[in-house]
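Paired with chain B in one complex and with chain C in the other, chain A is shared by the two complexes that follow.
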Partner chain A sequence: MTRSICILFFLIVVLSSCVNKEILDDVRIATAVGFELAENEELKVTAVVPNYMPDKTITNEVATETARINKEAREKLDRTKSRPYVSGKIEVLVYSKEISEKGLMPYIDSYFRDPTVGSKIFLTVTDSDIQGLLQYQYGTRDNGMYISDMIEHNINVGSLPTTNFHDFLNSYYAEGKDPFLPLIRQIDNEIKIIGNALFKDDKLVGEIPEDKLFTFKSLMDRKTSQDSITIEMDKEKYAFLHKIKSNRTFKFDNVEKTKEFTININIEGLIHEYSGGKIDKKMAEEITKKTKEQITSQAEEMIKTFQELETDPLGLGEHVRSHTKNWDSKKWYETYPNLNVTVNTKVKLTETGIIE
Partner chain B sequence: MKKLQRTVNEKYMVSPFLAFFLIHSIQFGIGILNFQGKIIERVGNDAWIAVIFGGILIHIIIWLIFKILIIGNGDLITIHYDVFGKWIGGFFSLVWILYFWAIGIIVLRTYVEVIQVWMFQDISVIFFTITFLLLVYYIVSGGFRIVTGISFLGVVIPAYLLLTLIYPLNQTEFRNILPIWDHSTTEILLASKDMTLSFLGFSTLLMFYPYLKHANKSKLWVHGANFITMFIYLGIMIISLAYFSQKHLLRYHSPTLTMWKSVELPFVERFEYVGISSWALIILPNICLAFWAASRGMRQLFRFSQRKALIGMLLFTIFPVYIIKEREHIEVLNDYISHFGFYLITCYLPILLVVTYFRKGRRKKH
Partner chain C sequence: MNFLKWLSSKGNKLTKQEKDPELDQTIDSLLDQMKASKDFIHFVHNKGSNNMYCFYFKSLVDSEIIHRDILPYVSDEITSLEEIKANVPIEKIEITTDIKKIQNQLLTGSFLIKMSERSEEVVLITAELKQSREVSIPEVEFSVVGPKESFVESIDTNINLIRKRLPIPELRLDEFQVGKLSKTKVAIFSIEGITNKENLNTVIQRIQDLEIDTINDSSYIAQLISDNRNSPFPQIIDTERPDRLASVLAEGKVGIIVDGAPHALIAPTTLVEFFSAFEDYFLNWITASFFRLIRLFSVMFSIMVTPLYVAVLTYHYELIPKDLLGILVTSRREIPLPPILEAIFLELAIELLREAGARLPTKVGQTIGIVGGIVIGTASVEAGLTSNVLLIMVALAALASFTTPVYKMSNTIRLIRFPFLFMAHLWGLLGVAICFCFILGHLLRLTSLGRPFLEPLYPPRIQDLKDAFIRLPLSFQSKRPVELQTEDTMRFNSKKAKEKKEIDE
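Let's look at the complex of A and B:
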């Protein structure tokens, strides 16, 4: 009796571990996947895998396959490779503009469904040829890590608002908010963030150009810091303002009747560079005034574009919803394009560097 | 044949404060993984109010259970025997035993399903179940004190998992919770009813009450356990509401596990694997206590050895765990059992209190 129990126990312990193993050296760990449309309207999937060489360098291995849906392409790729692909370490998903215009959700589904894919990966849109974009070796690492690091540091200390997979899905499913994604482009041998792509639901509808990223970030996030803007003063003089911190608040009262909505932005910054020479008190005031004007006009213009495109990346709708009982999303979308949005900007210059 | 056991030898008893761990560990199990969906579907951003109401309702029922136990002076089976007689009482006892047993089965099956979805698609359900049940046998056959010990460990060791809630906090938008009370009171009350389902299991108190030393002192600990459970549920509900937009949350089977996707540690890429494995320790006392209550009930009802009852029950558990294959069936079964439990505690227990009072409570006063 005891012996048979021992044997049974042994068998159970041994056999229970009979699940599919994924040993790090025996799999291809994809770090970036790109999606574009092939000529025959099929999906062209490009996967990036880091290849750890014996001399400790990392090369960027790229493979491309066309198929009807994403996982079919992966299955086809697996058939050409010595080791199978796994998606647990994906850092970046790159989508072509064409696909973004068709609607992203069908192409996101397989990652949404997958328990092994993290919620902090980045989604990006590009207008370059994706195979080319992912093929070139930009840094000393694979392109998945490279692009991911690039986006991450631009969120932390640059001009990108917080964005990741979770944020995209959250905004997509929120009733009063629309998603946006960073827009990247391959320019010669460089890869560059050239703005933001605006979505209505999951369809790309517009873009925010490079020079407005500062204003967009100040509008998007409740609190931001560490990004910078070049202020155009008169007579070909420029000032470079570095943001220490800013906060943004929304104000409105009975918005569906009055159609008035106010956004307040408070910016605290310091001057990193001024091409006009000495900054005295009067000059500082001048810079403050110009900054205010530039940001306010950019912001108001930007919001007008949002209204024309009927997209709401700032989440004004969500904010109104959180302050309105029995909020009706349909009614809001009728109000939104005719909303009169005023932007009030306050700028405070705290330092001008170590010189006067 | 053994005798109906009315008092428990003092050496088998446990201190009253351990009731805290027993109650908390059985309330806190599989439910926490996906309790948000149902509530949010009904009352959206007001879901957290339903959590509080649900918790309060459970406090009232715990009060009621203590009343029954103090007047009846025994466990559920002896009370049934005393107030309803051998046959009717026996029938009610059997219903409760089956209920406790069903809790054990469904918790185990749901946990295996979580492993199947999140970790190993190709895990062998039958081998995992048998291994787990061997462990359960080992613990429950050790007696109530061992079960209590496991409950203690099952609360203390995985408590570190609460720290992981800090990670989703980075991406929360607390305005999602506003405006407060945006739904009608009836809707909120209905949602509160759904919420109470996540607190179930504490009715095993009806079985282990005679094992508590100075049982009167345990009242505070039992209520405390329920309060802490409610507090954790409330915290997770508020964080989930702030972390997900509502429609987004409703897309997931288990929002709590999905929140772990935001955990980033330098040495662990996917925290879910660590978390779900730790979860085994949370559900172990859950299953053990359910099986203990069921087998103890069998021993009291049919008067044969608890060990034999336990072995029989464990063997019969393998079968349902094995044949339930689809997620939908698991969900439906979960639903049935928790609704059954809900009506047992909200409809049957008040009746039992009234009957016990008239049959036993009044007699005492003469």
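Let's look at the complex of A and C:
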């Protein structure tokens, strides 16, 4: 007892200043960081910090610096500010298209080296000017929180497939899978998700436009719910289908020989709006048919594009690998572009509304 | 620890060699010594031929007994002490020459008669004046439902309260005198055939071995016979409810009653017992269990919330949910103090108010103290000394610590918050974890009458969990706690208790 108390006392005296204090209101808590290329190949880093005003409003404080690498920019920024920047509360990392095309990994490195940065933060790609995009105050909060909330709710109830820092790294390091990131753009004082950016390894190779996000999400996630699609019927009539739930399964057998791969999508949904008036049984069947056609054709077209770009965001390779003995990645990459992928879609309308 | 030993040993050396002053006393010198006190009455009662010499303390003796039951029967025919013993209608009469006995009896309210001036032999007639407060409602352990009687300062009344609740011949009462000056009566309750002999003997031995001059309250005994006297955790429960004492006696525990103390002591006990109010047994088991869990939660909350605040705000801002960040930063923006000083300031303010409230004459004082605390807190927030988030947390923590049913334990909770606070400031959550390990290690080593203090948890005794964090229905409580190692483990037949009898059966 006496000894342990002595040891404790000793430790308290000796180690009392060994831990670096980061008192909440004495640090500059960055919530979003943007990266774009400056002239002469330097990196232009933009950091967003919420500024909590005494009247409880939050203003968006933005600072920009150019440097050779990320942490150098932070060090330069620290020299201009009253309090040091910390990266533990970063919610969003925004990358410009040029950087994404060059390869993201060098610019992500400092974040997955840092244990204070969470793995559930969002990575995004934008084709707008990043300083301008982060400068404008969109909501009543700072832009880091705003963009993070925007992406989060679009994953939960919108048509964005599940994505975050962890998923990105997982897809990047997995064999037979490539990452994708949400694509955002600033359009007249608004920020908007305009699709998904497709990567081959860590290099941007293509895009999925926003009108195909529904299909992409249905293909990507094993189980999804709560998103919607507009179905184009003939004669300028439109139906708005709300998805209650869907599931997706892969079917394949000895792919490297047969080169056959089947994707089954089951969608259960209801009609929220139809511009053609009454929906009877026949009409409902018609809508079901059109939906099926639209999703199947979109999906097949999308997968064609993936194969042309030699990118595999769906992780078909990863899936095959996990079901195959002695899987050879080289061989798979030879097979993948020529793979014959069939998409079977099943649509079930559970409800068409209460209009008689 | 060595320092403490040194202190106490030094104290011992200074005391003089003790000697018993009663050894070389005669009855005359004793009576002369007593005559120095104004309330010592002595007179010669002469009726007829015989002179009788009477002595008593008028402040200790009931004068009504003297005039009604003693003097009328001591008439002129009486020639010897034996005749007095035969005539006087009081059952406790003794003829003795033992000086020590005479002194004790006179000082506890006896009437002394001598037949002649020089005689060594006296008769002692018990005529004790019994003065005590009426049995009143419990104030510390108040319950809305259930019995409303509590112990008083008189040991006889207290014993009566227990005997009424357990009218069995097996209820055993051992009585001892403790304290060189105070000669306090200490009674130990146990039930033969149920209470573990080892537990009982431990208590008896520890009380017999006590070396002290005065015992003013049962809490003296509690401190002196505890297994670890340097622990902030109480290892013996004190209760003012006779129903609680009777029920734990039936469980197989040992009860201790001290004369002049309105609190009885219960041993052995476990940590979880300090968080169970006796009212839990009056309520339905679901409600009772719920409130018990709330109480346990509030204890954890009370100890942990300010240290966590300090740790998170000083070191781990990453842990704060993004929606809470704004609130915390805004409330801390204008504050010049670091989180630790801010927390200590508020904690001390609350402790001051509690202490001041406890010294105020009425219970209203306490309420006013707490209300005053909120006012002071609000003012300090407005002055920019503390953040309002912390004010809410500290106030809630103070409120939560009041939910502990045993007062001594709630004091402990008040105390152990501070080491956590300092460690949180030094090393953040790591410090909180280290401090928690120390407390846990200490609790693991604690014993109550040699029985493990953390019992249903460590050593794990699944059976005893029936009355720990949740209280299962009474029909499930058919076995006495394993911890007590009782001689008879069955309280009642659980099969019969669970049977539901129809009325027309």
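To be clear about the criterion, the second predicted complex is superposed on the first by the 339 of 356 C-alpha atoms of A that agree within 3 Å, B and C clash if a C-alpha of one lies under 4 Å from a C-alpha of the other, contacts with A are read in each partner's own complex, and residues count from 1 in each chain.
The rule is simple: contacts are C-beta pairs under 8 Å (C-beta built on N, C-alpha and C of every residue); 3 or more make two chains touch, one makes a residue touch a chain.
Values in this document were obtained by computation on a predicted structure and should not be read as measured data.
Participant: With the two structures laid over each other on chain A, which partner does A:284 touch: chain B (first), chain C (second), both, or neither?
Facilitator: neither
Participant: With both complexes overlaid on chain A, does A:19 touch chain B (first), chain C (second), both or neither?
Facilitator: In the superposition, A:19 contacts both chain B and chain C.
Participant: Counting only touches as set out at the top, which of chain B and chain C does A:145 meet: first, second, both, neither?
Facilitator: Once the two structures are laid over each other on A, A:145 reaches chain C alone.
Participant: Tell me which partner A:270 touches in the superposition: chain B (first), chain C (second), both or neither.
Facilitator: neither
Participant: Would you sort A:88 into first (chain B), second (chain C), both or neither based on which partner it touches?
Facilitator: After superposing on A, A:88 lies in contact with both chain B and chain C.
Participant: For A:319, decide between first (touching chain B), second (touching chain C), both and neither.
Facilitator: A:319 sits against chain B, while chain C stays out of touch.
Participant: Name the contact category of A:2: first (chain B only), second (chain C only), both, or neither.
Facilitator: A:2 contacts chain C only, not chain B.
Participant: Given the touch rule stated above, what does A:56 touch, chain B (first), chain C (second), both, or neither?
Facilitator: second
Participant: For A:174 in the superposed arrangement: first (chain B), second (chain C), both or neither?
Facilitator: Only chain B; A:174 stays clear of chain C.
Participant: Intersection of chain A residues contacting chain B with those contacting chain C?
Facilitator: Common interface on chain A, chain B vs chain C: 12, 15-16, 19, 88-89, 116, 118.
Participant: What residues on chain A touch chain C, complex-wise?
Facilitator: 1-2, 8, 12, 15-16, 19, 21-25, 27, 29, 31, 50, 52-54, 56, 58, 86, 88-89, 91, 116, 118, 141, 145, 148
Participant: Where on chain B does chain A make contact in their complex?
Facilitator: That would be residues 117-118, 120-124, 127-128, 130-131, 134, 171, 173, 175-179, 182, 244-248, 251, 258, 261-262, 264, 269-270, 272 of chain B.
Participant: Enumerate the contact residues on chain A facing chain B in the complex.
Facilitator: 9, 12-13, 15-16, 18-20, 88-89, 112, 115-120, 162, 166-167, 169-175, 177, 318-319, 322-327
Participant: How about chain C: which of its residues touch chain A in the complex?
Facilitator: On the chain C side, the touching residues are 1-2, 312-315, 317-318, 320, 322, 325-326, 328-330, 332-335, 338-339, 426-428, 430, 438.
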